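Same chain, two partners: chain A is paired with chain B first, then with chain C.
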Partner chain A sequence: MLSNLLSNYRTVAGLAFVVLAVVLVEFFEVRASIYPSLLPFFEWLKYSSWIGYLGITYGSVYATIQAGHLISMAIIGGTVLVTDLRLLGVLLKDIPSETITKGTHQCFKYSLMVAIATGIFCAAGVADKVYYMPVFWIKMLALLTGSGFMFFIKQPLLNSRPHHEIDPWTLRILAAASIFIWFTVAATGRWIGFS
Partner chain B sequence: MLVSGYYSWNWLEATHVLTLMISIGSLFIIDFRMLGWVLPDVSATAIADRLHKPMIIGFVIMFITGILLVYAKPVENVQSLWFRIKMILLVMAFINAWVFNSRMKAADGTWDSARVAPKGLRTGAIISLCLWCGVIAMGRFIPYDWVDCPKVSNTALLWASGCVEQLNAL
Partner chain C sequence: MIEVEGSTESIKDLQYAAVTISATIIIFFVVYWIIQIDSVRELLELAYG
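Entry: the complex of A and B
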């Protein structure tokens, strides 16, 4: 029975295992022990890498890339809201949710790539500061969870069968979880600026 | 009170920025649809019509929080070159939105299910994308003070940046 259950929900079980492992790592303070070894990388990122150099030297370039990061996050927000509010039955009710899901995913992927690329640049300029910020690590965890959730749970499930064959509550929970995760990513990102 | 309260300022600014995801997010989806980049199989006017409400809700929250942010630091904002450019771009973006909306309503509906909108609407969508990207960038630039009035000699830049003392001294 267990092997049958695992074969049906292999991806979900895999991701649940990763999340559990992250929680355990945090709970038993394993991260705290590997944490100091990451500091040299963050220092290299700021003082020795070319993106760190660009960020420190040219304030205008840094601010422009920050704006690009904001724009890509706005597009991620737009695609997530359109897809998830459709799954919740709030928006675009007369258009099949399969069409909305497929039609916005490409745009989501490109925006995520831009957000990650610009985000690395933004972090590089202040790497020695963000390293010490708990909110930065929460954002990284939320980003990892959001990406894993999107590519290994949400999309495979939504593409696996017509949506009317999926339990409506599963769809609603999926959409609500997605909105919550991506809101957390954006909100913690904004909070880095205040820390 | 808004500035001195750590959480009041942060919540206000965070709300202003996070509402981008609703307002600009919805607006960009409409513009991208006109260009055929997203949801090409869905009627363009249906997308524009259905996303209109969340977009307006997002913009209303953004304007309220934006006005409060300016109210909290009026001199810093009004004297900022970037804030002034942002306001000009905002006005241009709204004029463009109005023209775009009028053109969309006036256009013959046969294009509605085509992958891309007619040239006029596509141009409007590109202008909208550029203007709003400009608005976001200028908003991001406001905290930076790159224009150092005593070092500026250009009269137009002095005027645009609100360098009153240097202008009077000329």
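Entry: the complex of A and C
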């Protein structure tokens, strides 16, 4: 009975496992015990790694790569908004949502790769500062949640069948959650910049 | 065109997972932003009365 349920509802079981793992990590204070041991890595990233050296020494290189980071984040925001507002029935109603979700996902994937690569460089230049910022960790959490949500939940569901066969409220709640996550990634990113 | 993949159970599984995680995400981030906005409001009140 249980194995039958688990095999039929693998994604739900996987999600329950992830939530349970997060609760256990917080309950046993694993995150709090790991946090201090990350400081040497952040210090090494800023003062000893070549990307940290480049970022600290050459302001023009840092500014150029940060521009790449902002452009890639803007493209991510654009693809997310176009896809989700189409799923909510706000934009581009004359184009099938399947066409839009497939087209924008390719762009999203490449922009995410660029955003992560340039983001590591940007963080390296100010690593000893961002380590102490709670908002930096909230951004990392939102980025991780957003990527996991996109690749393991949203895309598999949207690619599984024509969208008119999926419950419309499921599509709406999916789109709203996606907008919320990426809004948080963008807002916390700017917050880091102003801290 | 999208080809229909998987059984009814696998689609139900994906839909349940999508609704559950979406609702959790929305609740978490709404609470997070309410707390942030409230803390800014309190700071402004302390600064300007």
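Heads up, the rule we're going with is that the second predicted complex is superposed on the first by the 175 of 195 C-alpha atoms of A that agree within 3 Å, B and C clash if a C-alpha of one lies under 4 Å from a C-alpha of the other, contacts with A are read in each partner's own complex, and residues count from 1 in each chain.
By definition in this document, a residue touches a chain if its C-beta (ideal position, glycine included) is under 8 Å from a C-beta of that chain, and two chains touch if they have at least 3 such contacts.
Just so you know, these numbers come straight off a predicted model, no measurement behind them.
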Which of chain B and chain C A:Phe194 touches, first, second, both or neither: first
Which of chain B and chain C A:Phe180 touches, first, second, both or neither: second
First (chain B), second (chain C), both or neither touched by A:Lys154: second
Chain B versus chain C as contact partner of A:His164, first or second or both or neither: neither
Common interface residues of chain A - those touching chain B in one complex and chain C in the other: none
Touching residues on chain C, where the partner in the complex is chain A: 1-2, 4-6, 9-26, 29-30, 32-33
Interfacial residue positions of chain A with respect to chain C in the complex: 8-12, 14-15, 19, 98, 138, 142, 145, 149, 153-154, 156-157, 159-162, 165-167, 170, 173-174, 176-177, 180-181, 184
In the complex, chain A residues that touch chain B: 59-60, 63-64, 66-67, 70-71, 73-82, 85, 91-92, 94-95, 99-100, 103-104, 106-107, 183, 186-187, 190-191, 194
Chain B to chain A touching residues, read off their complex: 10, 13-14, 17-18, 20-22, 24-29, 32, 37-42, 46-47, 50-51, 54, 133, 136-137, 139-141, 144, 146
